[in-house]
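The structure appears below as structure tokens.
Every chain is named by a letter (A, B and C) in the order it is written, and numbering of its residues begins at 1.
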């Protein structure tokens, strides 16, 4: 079997002088607590603190980065025990894990391997690499670990030194898990995030049901424009009461609009009356971003925009397996014209924070850095999704810093469902940021004391301020 | 005169530790046989094995990379002896060569210089650099070399250690040269590739003539939809009989369609009836990609898409000189929406291989890597045309690996008409790949044994499997 | 206080061998005279040679790079003494300077800090870094310097070793300052550039007034198509008489057109008759680029295209503060289709030079390098505006050189209103170019003597030839 060892200098530049600088910067931030202001872990884990069952259920089934790669190379999803619309296939989880292990070489050069190897070595304590030969050893050993109290969700949360963890819930979620966390007396700071897409995107297949629950949870007449807005205000307050400091919006485009109240009422009547067309649906999503921004001016919630994904691109897979199965593909995106209607309303607000994310890296230098380097309300979210990787994060810094500076960015988001990988992801981000700063120092573009200050900011200061972590505490 | 020397460490990173790793990786793949699964050499060379005549005819006249650069700096094409629509200008080939040599400094920093210097030093044995002073020496010495048997096409093919060489022929080509190669008893493996653009693109000026030959060669009623498809099937079988493992498609966009048979028949009637408009022409090309993909599912031919070039952009030059004169310019391209109709039909086929190429590097991270990292049928072709260069190939690896992995790529294509440059081009690709791998090892993102394995894969394994080189042998 | 020191190796690669090469190349070009063929300094400075008043007026108020960043972080523009439409706010300039100094850390990692630190250390002689503590020291010392004759505009021009400096004036400018410079007998070579946007862009709020002055200055009937073109010819001659070698065009898109004379007359009648719509305005701008190109064929003026900026994106700020306040944001741009009508007319002219600039870096490899590597009239302007930075200039070289070569580029433009920063900007460009060349040498992609030759070309030869600096002298 091959050894598994995480090199202490991994992700640092090869040049010895630059590496020394990176190492020194990293030493100052490596052990800072984790602030995770945006992600998709399941609050039920922390509410119930139940043990996870096995390696396949914990590490393979929920990780679409992993099974999309396997699928791209012809591996059958059923053989990997990936859930379909009708349930989890009757596949032996150990056989699924073996299949994954035999194909682990596919992940060479990808962030998935970096994250998984970190999980294997640091969290789970392995010292041999995963492959077909070690598959059973892994499966058994992980099973043993998960059976111990030390690997319950709350224990790991504490071991990972997580200071703040935000999950994401829909506007029509009852927040029972978050309420249970609060009521349990556990001191871990797990908060929710307001994600109202389900009651804004009329093209989503579950819109009608979401609106019903939205009405039931708020007691508002959500079929009138005024009542619908009031329901959002109520739910935003509910979310804040459970620690939320932010909202999140994942539309296919970045379109915003600024309609009159009369126009809004007319449009909304078509939306709820079922007489809308695709242009209405898009205009409604656009208008709602502006409405959400105005509510953020009122209530201080930070607004996150995650646009530009073509969801469920694979029609056959969507039919059989549903959403979030690795078939979401980025689209070209326009921010400059799309955001203007919203920015005309709130762009100059100094107390508002709108954090922009992109899957279209072309927009870094051309649109996002120039916009964030001017508008007081705008900040740049970190490299996102497919770009949340060493090369992707390096490009992000190289392409945004010169125009937007470091201070219009907001630190790192892990954005993950894979709880065990959270320390790995933050560690990669810290290393890549220190490597970038080290290059600037080595090229005499930044003084060493400036870089030391920035390493702290990129790891801790910016995220805490942007997401109002301490203000809300 | 200035010396000409190829440095053994060329294209390796400057950092000494990283360079050592690159050198060691390269040593393991430098001498592997060449597999060239996509290119544009002339099969007549290998059929007749006739000698080339002079330096200008061999190295200057067919190389649009070279004369486009000279033209961009005001050099007259007639003075370079570049053929026009009416024939080759009555320019002294030696004078043309001198003019090229005097402007050779224009190629500093370009891949043309890397390739040509390799041809000059390694293939032709020069030890002085090309410039105005050495022009005549070059012209005479190349003439002498070409007069010897050692520089006949088949002798060079063997000297270059080419294991597999694919040329490209139209659906209306009679394949006589390939037949002659087979019948000659020569053991060199030169195969054809099915490129049906000429009978698919009704906007091509030679469409009508191509369709006539297509009908004559197949005996099918190519003016009925059913007969037209049958003719494609027949010709695909003809091409396979002469070794073809692949088809190739060079449309201006990546548009695909999925029409019903009735819609296809109606559209095809307009195409062959001459009542089509530009939208019909585009829709027909789009539908034919899906038809070709379906035939590939049937017959196992690998499908290559080379979209996104604005052909013949220079109207005056096209009028005087015709096609392929350096005036093709890349266009922005959309793969995500464009390929969906075809992928809805064949996207989940595991035994189908569709290889995507791009001239729009923006699509690497945004579209191509995410698509190839999900759909079982998709693979990424190597950096293409203008991007087939050290920086272009580096960007390709940096921008595709993290999302698509190495295993969704297919090794290198030289894609060239310049036969003598084939070893140079493969050598550049191997060096750049080893340099990339070396950086990953130096930054502890890949183990040394993984990199060694990948160097073999990128040079040999991936291309052999993707193009079914051994399956078809 | 923190020391301020410019490291002699700043911006050079960290690898010791590569750094040595860069250092040697830089040593050969560091002290070459400055040629500044495109910029926005005020000719009044050189006409009157009056002293500047204080640090805020000189360094803060005119520098939109600086105050846009401060504004993006919530700093009030009034508190920075930035002029509004109604005048300069009654802010104490010293207080404004202090506010800037307290926020100077925002510029870490940006070219503004590189340029300003160079101005502070080299031009103004500071040895402590700017921050809140040193703000008053800076303000006082700068005031003292500016009160001395050694800091008058002409003295600095000579101290900076500027050989050629082009400013930019509208077609309706009376050129009185340039005339005064000529008549003063001062030997400094300050010339104008013909920028006719004000009489071409009918959507500009000041179009009517500009046309009136255009008529008055030329005596032509500028409301007839024939007279309008004649007026342009007259003014181009006026500008040439005051040293202009170039024109400049800053449209929102790169659209060009090639209409018949009759079509032009009809279109122009709508433009001057006030019956135009947005499509007419765009078509007129497009046609005028072709007209300007044809006039350049006649009169030899170099044509510069600076397209692709969404001007005045911030509606509220435009209402209060007017143009050029940091709210211009780049747009995606298409050159390939947009330039074709003009290139169909003049593309093959060898004596015409059209220099293309972009704010959309995607176009470097996809469009600009392929176009400039083919058309004899086209050259690539240097990295522009937001991309005029170490990473931006590096990307420019990496993404254009392989297809366009070095010789289809035109050296550096500082493009600045910030006169004191001109040496800093040229120094950054020289360092980044030498660093790029050094990498090519270290990777054995270029011989050392080729790099030495190219360093001279990139600093001096290319710009002098492209802008016809010596031909016009």
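Structure notes:
Heads up, the rule we're going with is that a residue touches a chain if its C-beta (ideal position, glycine included) is under 8 Å from a C-beta of that chain, and two chains touch if they have at least 3 such contacts.
Protein identities per chain, from UniProt: A, B, C = Uronate isomerase.
The structure displayed is predicted, hence computed values, not measured ones.
A rotation of 120° superposes the C-alpha trace of subunit A (Uronate isomerase) on that of subunit C (Uronate isomerase), rounded to the nearest 5. At the subunit B (Uronate isomerase)-subunit C (Uronate isomerase) interface, residue numbers used by both copies make up under half of all numbers present, so the two copies contact each other through mostly different positions.
The geometric centre of subunit B (Uronate isomerase) is 40 Å away from that of subunit C (Uronate isomerase), both derived from CA atoms.
In subunit C (Uronate isomerase), the residues that touch at least two other chains are 13, 15, 362. Per the touch definition, subunit C (Uronate isomerase) reaches subunit A (Uronate isomerase) in the complex via residues 2, 7, 9-16, 68-69, 71-74, 105-111, 114, 310, 313-317, 326-332, 359-362, 386-387, 389-392.
Of all residues in subunit B (Uronate isomerase), only 13, 15, 17-18, 334, 336-337, 340, 343-344, 347-348, 350, 362, 365-367, 369-376, 378, 398-399, 401-408, 439-440, 442-447, 449-450, 453-454 touch subunit A (Uronate isomerase) in the complex they form.
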